[in-house]
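I've put the structures underneath this note.
Both complexes below contain chain A, partnered by chain B and then by chain C.
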Partner chain A sequence: MIPLNFEIQSDEPEPFVARLTREVGSGPADFVCRSQSESRSLWCGDHGLLEIVHNGENIEGDIMLVDPENGRADRVIRATSKHNTLLVTEQCDQLCVMCSQPPKKTHLDRFKLFEEACLLAPAGMVIGISGGEPTLHMDALLGMIESVLRERSDLSFHILSNAQHFEQHHILRLCDPVYRNVVWGIPLYSSDPVVHDTVVAKPGAYERLISSFEHLLLAAARIELRTVLTATTVPGLSPLSRFIARNLPHIEQWSLMGLENIGFAKNRWDDLYADLNTDFSDLAAAIDWAQLHGIATKIFNLPLCHIPQHYRSFAVASISDWKQRFGKSCVSCRAKRDCSGFFEWHPDKLVDEVTPL
Partner chain B sequence: MKKSRFLISTLVAAGIMPVQSTQASYQLGFGTAGPDGDDEDAQVRKFAQDHRFILAQHRSHASHASHSSHRSGTSGRSRAPAPAPSPPRPRVTPAPTPEPAPTPPSRNERSNPPSSVLPSSPATAPQSFFATPTGSAVYTPSRSDIIEVVRKVQIGLMAYGYYDGALDGLVGPKTRSALTRFQTDFSFKVTGTITPEVLDALRVVAE
Partner chain C sequence: MHGLAALTFLGISTLLRAGGDDVAIGRSISVATSDLSCDAIQSAHPAGIRFREVGDHTLVTNEAGRFAMLESSGSQSQSDPSFKLPDAIKTALIPENRLSKLAQTFEAAKRRTRAGPLDYLILVPTLRCNLACSYCQVSRAAIGASGHDWDDGTLAAVLSLVSSLSSASIKIEFQGGEPSLRPDLIEAVINAVPPATTASFVICTNLQIINDGILAIFDRPDVLISTSLDGPEELHSKQRQGDAVRAREFHKNLNWLIDRYGPGKISALPTINPQALPDPDALIDAYSSLGLHSLYLRPINFQGFARKRHASARQTDGSWSAYHERFIDRLIERNFLDRTKVLEETYFSLILRRIFQPGADRHVDLRNPNPVGRDYIVIDYDGMAYPTDEARMLTRSGVIDLSIGNVAEGWDSDARAALEAASTNDGDPTCEKCAYKPYCGRDIIDDISRYGTIDTPKEETEFCRRHLSLFDLAFKMIHSKDPAVRYSLGRWLGLGSDLPAMESAA
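Now for the complex of A and B:
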């Protein structure tokens, strides 16, 4: 796994943003490398000295959120990666049964630092925003997005949100042209309100979601629907595809996502896991219907060899580089380059259930 | 090269370093053939005492003066603002604790970083993070690395007359104010922190 945070030393008391560079930088956040050994490197910039403990990873060009008090730095934007995600809060008002990032009660507001970091991002980058539930801090979130995109129209954001907090008064704000560069990734688990509310463990969530869809639709917001494939949701995929084709045809994409064995799902794996390698029929029917109605559909997090040949073109090598792994026999697979592989934390015995293509 | 020879010679002249007979020839005859690298290293090491610092090749005579006045304990606190970008010609206030190598306190014989017995700056990371569970201040190597660089900077600032606090390797209020004044006088970007400009000006090399 690619480490996303490091032990650090700094003589600055307050948190700050640092862009690591080898050349003498000009920006106030630029830190120049002064020395380096196998296990650590020393950087120097306007915020003083910064020593990072790392095992020879290439961190040059990366943007760090440095927290001197806790001796930690979060590697928020890796220059060489397409998978950069800002965790803006750990609070959430839903408690999804398979949540990969179980929420916490407290919120550490780092929007100003994130904003600074985004402004330093390499040109054209898509920056993910996740949580927790980012829209619990709607004003700070929208404020950050607007100020970043006004200065950096080359950047885009992909925001994961449960869409429980969009109100009528947000419509005008979301009509701002900067939101052309923003895609909202919103989970919808079933066309049956009871099933959806059960999955997200929040009564009324489905109804609230539908009214948010109305607001977002009026603002012409770009929406990616996300459905995690669990034993609960897979049987309802076919009706869900009909629901989407009929009621939400304006969405940009419908993403069908393989389960992650982490967070809450780890202890409930046996209850949640849907063996799509054995039975792909529900998924196939849903994709067929979506295709027929012009809904762009993608399969995330499933290895290509688990997907019937005719549906492989819907699969995306979606698992972020820093948490991706492959089975032993994947070495000889010709499709490995295009394959999502498995999550680093996928059950070991399942990782080897692969058939090299 | 020339300057370094001059520096060393002046230090000798100022009585900081004992003259060894084997080296006396070059020390007394500056302007002739230079010393080889090893000799120079040895001299610098000696000057550095146990601090592993490289306050390499001060750029002007001013620094020599500062060292000698430092030694002789001349009084009079005046810090001349220098015309940038050339280094200033400050006079050094006799520091209350100028000894670069503090004697280890008797109650803690094995101990090493002077900072472990000095009040630590509130501006630094929590000590508990680096301390062993018993509470004795044993620093991880990473800690001492950054401490070394800060100490070099403190020594440099002291040499230029901006700092008279403890050489503890911790950036506290005194070090910050010294950095601010140093940066102002040198027309550097004023941050009150150890910036690349400061490291370059003080010729501090991180190992």
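Now for the complex of A and C:
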């Protein structure tokens, strides 16, 4: 696993942003490496000295949120990674049955620091924003996005949101051209309100989501719709695809996501897991209907050999190598390079259910 | 008019309007993007429902392109107190709530063309050609003629145009004449593309001669080869000067290139004389035996040089449409028998996508409105700019001057504006009543070339007749229960299986 935070020491009283560099720095956030040993490195910048405990990982170019009081630094933007996600809050107003990152009650407002970090990001980067539910702090969130994108039009954001908090008065604000660089990743689990509300454990969530979709459509917001594939959602996929073609033709992509054995899903695995390897028919019907109507559809986190041949072109090798795992017989598979494989934390008993292609 | 049709604008459009309240947006902000802006969405108007008899059914469509196929209800009239709006119309066409109303508004807007920056460039580096085919659509010049290639000034202007392209991706097609006579000019254009632009190139060639110069260009991975293949060797030779030796040379070269690159690199178009239609199977075999599974059927629209030799071909009767249909039927039968490959006629696939997928295609032959001289331009051997290749040929043949400018000074001209203003089927009395308007397009150059005017009533134009019949065929097939039809349609639309049944509303 790639460590996303480190133990640190710094004499600065307040939290600050640090960009680690080997060259002599050019900006106030730049920290230059002074010395490095096997287990730690020492950096120097406008905020004084910063000592970081790490096992020789390459952290050069990375941007850290340093919290001296707690002796900790969050590695918020890794220069070499395409998947940087800012966790802007841990609060959430839903409690999805398969949540991979169960929410907490308290919120630590670090938007100003995140903004500073984003402004230092490498050119052209797509920055993920997640939580918790980012739009619980809508004004701070939109404020941060606008400030960053006004100065850095080369950057873009992908924001995961349950879309429970968009109001009519947000339409004008979201019409601002900076939002052409923002994609909202929004989950919809069923076209049946009861099923959707049950999955997200919030009565009325479906109805609230629909009214957000109206506002977002009028704002020409860019939307990636997400549906996690569980024993509850899979049987409703075909009606859901018809609902989407009829009501949400403006989405940029419909992502069908294989279940991750992490967070809440871990203890509920047997209830939640849908065996698509044995029965792909619901998924096939849904993909066909969406494709027919010009809705780009992608399958994430499913190994290629679990997908019938004619649907493999919809699959994305979505699991990055550091959290990816394969079955024993995968060595002989010719499709391995294009295959997502399984998550590192996928149940052991299922990892060998593979058929090399 | 059908009983239902009389009801149209009274009953159903009122229902449409009553579907939900509109959101008033005081200020509108337009954004620079090829996607729909807030502006476009908020100013679009979903409009009328339209009817058409297709076979023994009635097709109903709306401006969003949603449709339903009904059993014809005979002479039932709106004044009949027992008349009820069929449920199929309600579920397919009438928005059920505010979100679906917005969705339809969005789709109606998305079906309209919004041209982005120039990203399709047709260049004619030379008018000279080593052949003089009987149907040649361009006025061509003899192989040794002088003054029929770009001169230094024109080349400089073309290179400056190419190097200042602003779109993220561009397609550049080299036409002629025979462009392979001037690999040096092709090379210069390729090298002028700005590094930030992703470009692909198409060389349209008769494949008579392949020398080292042109082969080096063919070898580039971003270059595709396009040629004419009229069918089996005898037919091909008959249409090209009747010269069997040259036809053999062409086939030898074509085979050699397919061996060298695989079929994916090469596309071929048949040039079909509507007065001498080839047997569909012979044509299909000629293509599929080479590994070419896609064909684009198009009738020759005799222009320029060809018009003099084929004077009878200006107006075709229904025979072309019947041929096209027969051809599609054969593809469907053959696909169902041999599942190892999918044969396809690309114009019919385009028609199908236009029906189901708002805005999915921006094929310049079939879009509405059809912007002129914006995302698409043709630059001739003498630097003159034309809205389409047909416009260039028509001008060359001396019928009418359709040039809209030139490469050195640009083409933001009155001529361009005049053509563009007419380049729409909006407001046309026939189109406005036509159930196919949301999917159809406008081709004023075709009208001008056939009738010398753009005012011929739509229903009398070849363009309209051809498209009415193609859309009729498409809708019959979309609602066909024949498994062979559903099999091919599913593949042509990119699905993993057969086309699903439409009953549950499109």
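As a working rule, the second predicted complex is superposed on the first by the 339 of 357 C-alpha atoms of A that agree within 3 Å, B and C clash if a C-alpha of one lies under 4 Å from a C-alpha of the other, contacts with A are read in each partner's own complex, and residues count from 1 in each chain.
Please note the rule applied: a contact is a pair of C-beta atoms (placed from the backbone, for glycine too) under 8 Å apart; a residue touches a chain by one contact, two chains touch by 3 or more.
The shown structure was predicted, so the numbers you read here are calculated from the model rather than taken from an experiment.
In the three-chain model built by superposing on chain A, chain B fits alongside chain C with no clash.
By the touch criterion stated above, A:317 is placed in contact with neither chain B nor chain C. Of the two partner chains, neither chain B nor chain C is touched by A:231. Once chain A of one complex is fitted onto chain A of the other, the partner contacts of A:284 are limited to chain C, with no touch recorded for chain B.
One of chain B and chain C touches more residues of chain A, and that partner is C. Of the two partner chains, neither chain B nor chain C is touched by A:2. In the superposition on chain A, contact is made by A:11 with chain B only, not with chain C. Of the two partner chains placed around the shared chain by superposition, neither chain B nor chain C is touched by A:350.
For the three-chain arrangement built by superposition, the Cα-centre angle with chain A at its corner and chain B and chain C at its ends equals 130°, in steps of 10. Look at A:49: by the touch rule set out above, it reaches chain B but stays clear of chain C.
After overlaying the two complexes on the shared chain, residue contacts for A:126 are found with neither chain B nor chain C.
After superposing both complexes on chain A, the closest C-alpha pair between chain B and chain C lies 38 Å apart. Judged by the document's definition of touching, no chain A residue lies at the interface with chain B and also at the interface with chain C. Chain A makes touch with chain B in their complex at residues 7, 9-13, 24, 32, 34-35, 40, 42, 44-49, 51, 53, 68-71.
Residue ranges on chain C touching chain A, taken from their complex, read 23, 25, 27-29, 31-33, 35-38, 40-42, 97-100, 102-103, 106-107, 110, 353, 356-360, 490, 493-497, 499-500, 504-506.
Within the complex formed with chain C, the residues of chain A that make contact are 168, 171-172, 175-177, 180, 210, 213-214, 217-220, 222, 242, 245-250, 284-285, 287-289, 291-294, 308, 310-311, 314.
Residues 122-126, 129, 142-143, 145-146, 149-150, 170-171, 189, 191, 193-196, 199, 205-207 of chain B are the ones that touch chain A when the two sit in their complex.
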